[in-house]
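Structures given as structure tokens follow.
Presented sequentially are two complexes of chain A, the first with chain B as partner and the second with chain C.
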Partner chain A sequence: MKQILPPGISATDFAEALQALRKIVGDDFVYTGEALAGYADPYSIVADDDTHAASAAVAPASTGQVQAVVRVASQYGVPLWPVSCGKNYAYGGASPRMAGTVVLDLKRMNRILEVSESDGYALVEPGVSYFDLYNHITSKGYKLWLDVPDPGWGSVIGNALEHGVGYTPYGDHFAMQCGMEVVLANGELVRTGMGALPNGNTWQLFKYGFGPYLDGIFTQSNFGIVTKMGIWLMPEPPGYRPYMISFQREEDLEQVVDILRPLKVGSVIQNAATIRSLLLVAAVNATRSQYTDKPGPLPDSTLRKIMADQDIGMWNIYGALYGPPPVMDTLWTVIRDSFAKVPGAKFYFVEDRKRENDLLISRADTMRGIPRLSEFSFVNWTGGGGHIGFSPVSPIRGSEAMKQYTMVRDRMHEYGFDYMSIFAIGWRELHHVVELLFDRRDPKIKHQADVLFRQLVRDAAAAGYGEYRTHLSYMDDIAATYSWNDHALMKLNQTIKDALDPKGILAPGKQGIWPARYRGSPK
Partner chain B sequence: MIRLALGLTLTLLLVGGEASAADAPAGKAIFDHNCAPCHAKGPGHAGTQRLAQIRGPANAALEDRTDLSADYVRLVVRHGLVEMPAWRLTEINDAELNQLAQYLARAK
Partner chain C sequence: MAGTVGGALALGNRVVIAAGDHSDDADVRTYFDARFPRSLQLAGLLPDPGVVAAVGGDPSFLMAQVNDATARRRGLRLQGVTTESVPFCLEQLVRDLPGVRIVSRRIDQDLFEWSINLPLKARTP
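The block that comes next holds the complex of A and B.
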């Protein structure tokens, strides 16, 4: 395996830096060579496997070790890329943005420091996964629910920092975080909000503390390393009833979204409900090869057959009711009557779904905060594992949803890919999360997917849409679309970066934010 | 190249029988923690479902397989295999991986 070095660092200096890191964390927790296999993005879209290759990885076990690692990195000029559980798949996994960066693997920092049943929160370290926290809560018998994303192997902290979403009423994960501990680039340790109060007892209860609210600058950024974070947990409700509503025609999306907006904004729909496209739902159960051996868009007759086979719609809402049964009954009456206005709408509860891998069965778990990996099976649709998310944001408006849908669908068909997506409903907006599947073993298809992705970014920007999150390979492209007033936002980010991290140690290139020493040079 | 090698090793490597009975509980616990969310028996497990699609239902559940060698398990866990990502040393260390490998390769 060829050795990759951080840019501008000699092999001798790098070896010396690694030796200093070994003294901090121990010989067993600095990785090079073959031990870096797990730090390569398994679903990378780029043909050059070195584009995001790490030079080494270091795995501290405590906040004190993180501080010491940062000081050594600063001394030698070695860039660090922090990862928590390293499961940010479709966005880069545990890989760094810049080749040669050392991955700061926080997986060993996996302590659940506190769970308060009465106040409804947990305080965790970055290596705590959703599975870990769920198992802890259930083993203690706490009457608390977690909120989980689709795959449960990721980090509670990492997902919130990346602005990930889940599916209970607590589905906006960053909105539900409260209080951080952060290691800065100079090694100093800071606690945000009420955590700055010595001997205080409200760190996980009140976000804002006194003075500027800073937690947001440590999300999707490279301004510090979050080593502890509070997350609010939902009290177990007295009742729970998941449901699915299917719609038969492509054009129904417009009416469905317009019906949905007042229901969501008015909290009649209580959770982070989703609208899922036909093929994304079908892919959980079936493979493309079961329906065709031909490339290109599936004809309408095939789409209709898939709908009939799986008893699903062209669009499918997955939601849930929470609360005392009379409350759920009343909310359901409003929801059902609202969507019954769409011709052909069908309504289902879990007991109505009989297929053993039916999506509502697994969503019945995820919408009540039970972590799963079931829906990872959607990558089996074409096989080959590769997948990447394209995630533009729009208003919760039918005309906008249809515009995004047709724009992306037509481009995907033009380049020979199936359209599959989730419209995740936030408080005032739709995340249109499009899944682009490709065979990771096929360089030609990966290249095609790469060209398509860059085109989608341009299309979206031209139409006034921006993405909320992206893969390492597109961070610069998407950051460049947030260009109002001559890129004033990026200039502000760079000013903060230069002030907090003048040596450019932390996560160079994260979200397009480069430290001064790498700015303008090709990566 | 690794993926090619994996394809070959699946058919070439040893069948099971490397484990002692004492390793099984530890290996089972490691499997349940790390692997079961994708590879447990029954519906709702993406890995089991994929193996059923490409290798048939008899080869779908890893705990029932009789053709897995410990070396093969170690290779796949450390390097991944098509849909499955590689697992880092911070997720499963070498001692745990050995116990897992022996559990999956045990005589059945």
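The block that comes next holds the complex of A and C.
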């Protein structure tokens, strides 16, 4: 196996650095060669397998070990790429942005340090997955609900730091975090918010502390390594009722979104509801080859057949009601009456859905915080299941949703891809998460997907839309679209980066932020 | 050992045997995807199929089987003919188990044949 080195580091120095790391974490927890297979991005669409290849990985077991690793990295100039559970698939998995970076794998730091049932929070380390925290809460019998993203194997901390979302009323994960412990590039340890108060007891209760609110700069960034974080948990509600509403026509999207906005902003829709496109829902239950063996966009007759077979719509809202039954009844009356204005709208509760793998049945778990992996089924749609997410943001406005939809759909069809998406409803915005599916064993299709993705970024930017998250391969492209006032935001990010990490060892290139030592050089 | 597929077949297209239904004594568990008739046929041809069951949309219960076998220091072979998300998820779930790797091969556009072996250690009598 070819050895990859960090840029500018000699093989001798690198071997010395690895030896120093072994002394900190133990021989079994420094990985090289074949042992790095698990750090490759399974959904990489770049032609060169080495583009995001790690040179090694190191897995510390404690904050103290993280500090020691950082000091060694600083001494040798070895770049580190922190990952929590490494399951950020479709955005790069555990791979680093820059070839030769050493993955700092925090999987062994998997302690649930505290769960407060009365105050409704947990304090966790980065290696704690949603499955771990859910199992802990249920085993202890706490009357608390977790909020989970679609696949439950990811890290609670990692997902919040990447601005991930879930589907209960606590669906904005970063909004629900409270208090961090962070290792800086010089090895120093900092606690944010009330955590800076020795012997305080409000670290997980009040976010802002005293002075500037810093937690945000440690999200989607390379300014520090988060080793502990508080996350708020939802008290178990007295009632829960998940629902699905389907709409029959493509053009219904506009009216649906306009109806949805006041319901969401006014908290009539309580959770992070989603609108899912026909094929994304269908793909959980079926594959493309069951409907056609022809390439290109599916004709309307096929789309209608899929809708009939699965009793789903061209657009499908998945939401849930929470609270005492009379409250849920009242909210449901308002929601149902509002969407009944859309001709052909159909309303379902779980008991109305009979198929074994029906999406509402699995969403019923997800929207009450039970982690699952069921949504991975959609990657089977084209066979060979690779996917990456294209995720532009828009206002919650029907005309904007339609504009994004038609813009993206037409481009995807032009390049021979099926359109599949989720519109996730935030407090004031729509995350339009488009799933670009490809056969990961087919280099030609992967190349097409790469060209298409870059085109989509350009299209979106020209229309004034930015992406909220992206795969490693597109971080520079997307960062470049946030260019107002001669890239003032990136200049500020670089200023912070250079101040906090002058040697440029933490996650070079993360979100397009390069330290001075790599700036301007080809990656 | 003959495959015990009778119960699954009797249910036709709605076949699902949940994780909890599997025999505790089985060393081999074989999975198929009920949406594809060929999947069951091919799964039945895998070596020593043991308990044969349909796998639904959520493969996370397979990890519970792996954890259980690991805790009991029992050898376990999981195998199947399914769509790719099942072996993919399983591969990621066992990533940190030393020496445990999934072997898979594509059969057609949709189906993959796969297997994973947990080495036998001090088997519980």
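The rule is short, and it goes like this: the second predicted complex is superposed on the first by the 523 of 523 C-alpha atoms of A that agree within 3 Å, B and C clash if a C-alpha of one lies under 4 Å from a C-alpha of the other, contacts with A are read in each partner's own complex, and residues count from 1 in each chain.
Here, contacts are C-beta pairs under 8 Å (C-beta built on N, C-alpha and C of every residue); 3 or more make two chains touch, one makes a residue touch a chain.
Every value quoted in this text rests on a predicted model; they were computed, and no experiment measured them.
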| item | value |
| --- | --- |
| When chain B and chain C are modelled together on chain A, clash or fit | clash |
| First, second, both or neither for A:120, with chain B first and chain C second | neither |
| Of chain B and chain C, the chain that contacts the larger number of chain A residues | B |
| Which superposed partner A:40 touches (first chain B, second chain C, both, neither) | first |
| Touched partner set for A:31, first chain B, second chain C, both or neither | first |
| Contacts of A:372 with chain B and chain C, given as first, second, both or neither | both |
| Partner chain in contact with A:237 - chain B first, chain C second, else both or neither | neither |
| Doubly contacted chain A residues - partners chain C and chain B | 38, 42, 107, 131, 152-153, 287, 356-357, 362, 371-374, 376-377, 379-380, 383-385, 441 |
| Residues of chain A defined as touching chain B within the complex | 29, 31, 34-35, 37-40, 42-43, 57, 59, 85-86, 89, 93-94, 105, 107-108, 127, 131, 152-153, 287, 356-357, 361-362, 371-377, 379-380, 383-385, 440-441 |
| Touch list for chain B against partner chain A, complex | 3, 33, 37-38, 43-46, 49-50, 53-54, 78-80, 82-91 |
| Touching residues on chain C, where the partner in the complex is chain A | 14, 16, 34-35, 56-60, 83-85, 88-89, 92-93, 95-96, 106, 108-110 |
| Residues on chain A engaged by chain C in the complex (per definition of touch) | 38, 42, 87, 107, 131, 152-153, 284-287, 289-290, 356-357, 362, 371-374, 376-377, 379-380, 383-385, 441 |
